[in-house]
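Consider the two complexes below, in which chain A is the common component and chain B and chain C are the respective partners.
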Partner chain A sequence: MIFLKNTLLFLGGVILGAALLATGLYYFPFPHAARTERILPAFEASAKAPEIFRYMLSDQTDGDVISLVTSGAPAIFPMMPATDRVLSEPNVKDGLALINKMRDDGGNIVAIATELESGHEGSRLIKGKVMTHTTWTVIAPGRGALFLYQEEDNWTLFKRFVLPGLLFNKSWQGSWKNLNTLGPRPDGYGQVIGGTGEFAGKRGHFIEFAELRDFSPGKQLAGTMELRVVFDE
Partner chain B sequence: MQTAKSWVVAVGLAALVLPVGAIAQANNIPAYSQPAPGEKVLSFFGILPDHGVALTTGGKMPLRTGPEGIALFTEPALNNTLALIMKLADENGNVVGFASELEIFPGDPAAAEISWDTAWTLSIPGRGMIFLHQIEHSGGLGPNIVDPTMKSGKNWVGDWTVTTTVGPLPSGRGRIVGGSGEFANIKGSFVEIDRLTGFTVDGVMFGKLEIRLFLE
Partner chain C sequence: MAKNWPRSGYVVLGIVVGAAAMAAMLSMPMVDPPGAAPLAQIDDSGRSVETFRVSAQDILAVTHDGGGATPLFPQAIQQIKDPALSGSEVVTMKVRNAQGTIIGVGARYVAIGHDPAARDTYWTLVLTLRGTLAAHCAPSAPDQCGAVVGGTDEFAAFRGRMMETSENGGYRLVLTSEGRME
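Now for the complex of A and B:
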């Protein structure tokens, strides 16, 4: 009887401890999670005329995403279009590959692009980091190709939208704006790696900025994503 | 099943890109495809059709896109482009990463002697990213293999290899633009070598694509 009581107390302690830890993580104000308010104004103040590449996220036909492939597990982001040719092998199972159209600041479709994401070694739930290494390759007919690299953190997206979706099948609608970029530059920006054509020899920095308007498990995200690119003079 | 096979073929065709009336050679591998003394070689491979993930075009090209239902780049500004996602393997066939290929065609890609810009982006999880730019041609794939197969109604089996890279470097190689992680300071050149060993009437392509990097 004493053994049973102690066991129950132990299990209760473990569960309570885990719950407290999860609650603490959820509410802890990790400094990087406030970067939208901190870094975005600095970027906007310093970037006089950034080059804008924008695409619309939607599960309707007005979206600009052509293809989205992950490992398929967890199935929080459905493949687009549905496919069984997924990134399932051990070395790529944390990957994401996106093909999309890109618009300029006026909403005109001007380019095609791919985004490749892979898991980042700096991801730690205990540190509030859900990170990826991310490439953007934008190719604009008549202009050339642009190669971009950034580190992303999706901690807030994960805890506010993905986790509730996974655990409770919870949907959300509203307006949530977020700076996805978290480096690798010390100022928090991503890097312009290089380019071709008009972009040949260019260096500079960029951010990926998102406005999420609808998150529903099993459906595509709805909202807007922007790459704001600043070239060195 | 037929549809699935067909688009997988298109993935292969995207790498080789379709017909050009260029003079075909059974093994069209110029000398610059081989390393110069002192150059270190790092290769990644795409096994066709197994490693194809997604392909779309502007709809002008005679390629079956996929997966089934994938949208086309129908807007006027984009209707002569191509985007491909495929997995990458090491020399033993183990998947070690994935990549995207984006292409802009200056005209009809079926026209003779055409060449075009291609941007390759390689993601090798745990190691880093590599960004590549090349000027490509198909080396006569269409008139020598695809068209005769379709006209004859007989599957093609053989061994046809071509270096599709023809620039932009003066040597004929493509340019390594940059990288991240382990490849942050990468410098050098590269070629894309496509080896086709089978092509069926119902459109399945068998072979291997190699991205061969020459590191300085």
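Now for the complex of A and C:
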């Protein structure tokens, strides 16, 4: 009887310890999670006239998102359009393939783009990092192609929206602004890795900035995504 | 000895064990792709040559303005109707190495280039744990067709070309380095 009581006390402690650590991690102020407040003002101060490529996130089949394919697991972001051809193999299961139209700062459609992602080996929940290697290709007819690379972190998106959605089927509406980029440059920016046409030979940096307005499990995210590109003089 | 422990001792021990177990679990890599080593060979000229393949079943999406050579896929995909994007075509896909293992994702683009009378072709490959590779072919510069115009990691300093061939509803891509490999 005493043995049983002590075992139950021990098991209760195990559950409490695990819950305490998970809760602590959820609220821990990782420095990189505050980069929107830290890095975005620095970018805006230094970037005199960034070139903007913007698209609207929505589930409209005639919107800016043309195609979205992931592994399908967790099934919180549906494929667009629905497809059973997904990224299920070991080397691509943490990846993403997006096709979208891009608008300029005035809202005019000026380019077609892809976002191709592979899972980042540095992703660790204990470090508050849910990362991808992300490559943007922006094709502006008549101007040329621009190839951009960044390391992206979605820790805050994961803990604040995806996790409650997965665990409690919780939706959210509001305005949440976030700098998705987390390098690879030491200043926290992504980098221009190549170009053709008028972008040929250009070097520079960029950020991916998002405003989320609606997160509902089983539906596409709604909001705005922007690439702000600065070319070296 | 354990018999003499106060009850709180078992709780504290449990808390320590539970926190340690949770920390160990959360320290595990969230992403653990196996990756695939390069399968490049050296040709008679000393250049590195690597082949990638895309089968018809590896195509994830195809969109264009209705004038593309490949049918739209999936059937419900949005067609590109915007005048500014006229003549554009984008295909996303999984990419295999020469042994048939899926090693990354890629995209092929066709769009009006610098010459408004011609359409350029572009490729982007994102190979897991290896890096990104971007290539370009302009009809106006056939001697430069397939030139690698950008890359990261393994391909950051790569100079060479990637040539495409249609193959059974998919593609065969041959990446060849410029100059002799040491």
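In the analysis below, the second predicted complex is superposed on the first by the 231 of 233 C-alpha atoms of A that agree within 3 Å, B and C clash if a C-alpha of one lies under 4 Å from a C-alpha of the other, contacts with A are read in each partner's own complex, and residues count from 1 in each chain.
Criterion: a contact is a pair of C-beta atoms (placed from the backbone, for glycine too) under 8 Å apart; a residue touches a chain by one contact, two chains touch by 3 or more.
Nothing here was measured: the structure is a model prediction, and the numbers come from that model.
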Chain B and chain C placed together on chain A: clash or fit? clash
Comparing chain B and chain C in the superposed model, the one touching more of chain A is C
Have a look at where A:R85 lands relative to chain B and chain C in the superposition and call it first, second, both or neither.
-> both
So, does A:I52 touch the first partner chain B, the second partner chain C, both, or neither?
neither
Which holds for A:L9: it touches chain B only (first), chain C only (second), both, or neither? second
Task: Considering only the touch criterion stated at the top, classify A:A33 as touching first (chain B), second (chain C), both, or neither.
output: neither
According to the stated criteria, A:T196 is in contact with first (chain B), second (chain C), both, or neither; which is it? both
For A:L166, select first, second, both or neither according to whether it touches chain B, chain C, the two together, or no partner.
-> neither
Chain B and chain C footprints on chain A meet at residues 66-67, 69, 81-83, 85, 87, 89, 91-92, 94-95, 97, 99, 101, 108-112, 114, 116-119, 121, 133, 135, 137, 139, 141-142, 144-145, 147, 149, 193-197
The residues of chain B that touch chain A in their complex are 52-54, 56, 66-71, 73, 75, 77-78, 80-81, 83, 85, 87, 94-100, 102-104, 117, 119, 121, 123, 125-126, 128-129, 131, 133, 168, 177-181
As the complex stands, chain A meets chain B at residues 66-67, 69, 79, 81-83, 85-87, 89, 91-92, 94-95, 97, 99, 101, 108-114, 116-119, 121, 133, 135, 137, 139, 141-142, 144-145, 147, 149, 184, 191, 193-197
Touching chain C in the complex, chain A uses residues 2, 5-7, 9-22, 25, 61-62, 66-67, 69, 81-83, 85, 87, 89-97, 99, 101, 108-112, 114, 116-121, 123-126, 130-131, 133, 135, 137, 139, 141-145, 147, 149, 193-198, 200
Interface with chain A, chain C side, in the complex: residues 2-3, 5, 7, 10-23, 26-36, 57, 59-61, 63, 74, 76-78, 80, 82, 84-88, 90, 92-94, 101-107, 109, 111-114, 116, 120, 122, 124, 126-129, 131-132, 134, 136, 138, 149-152, 156
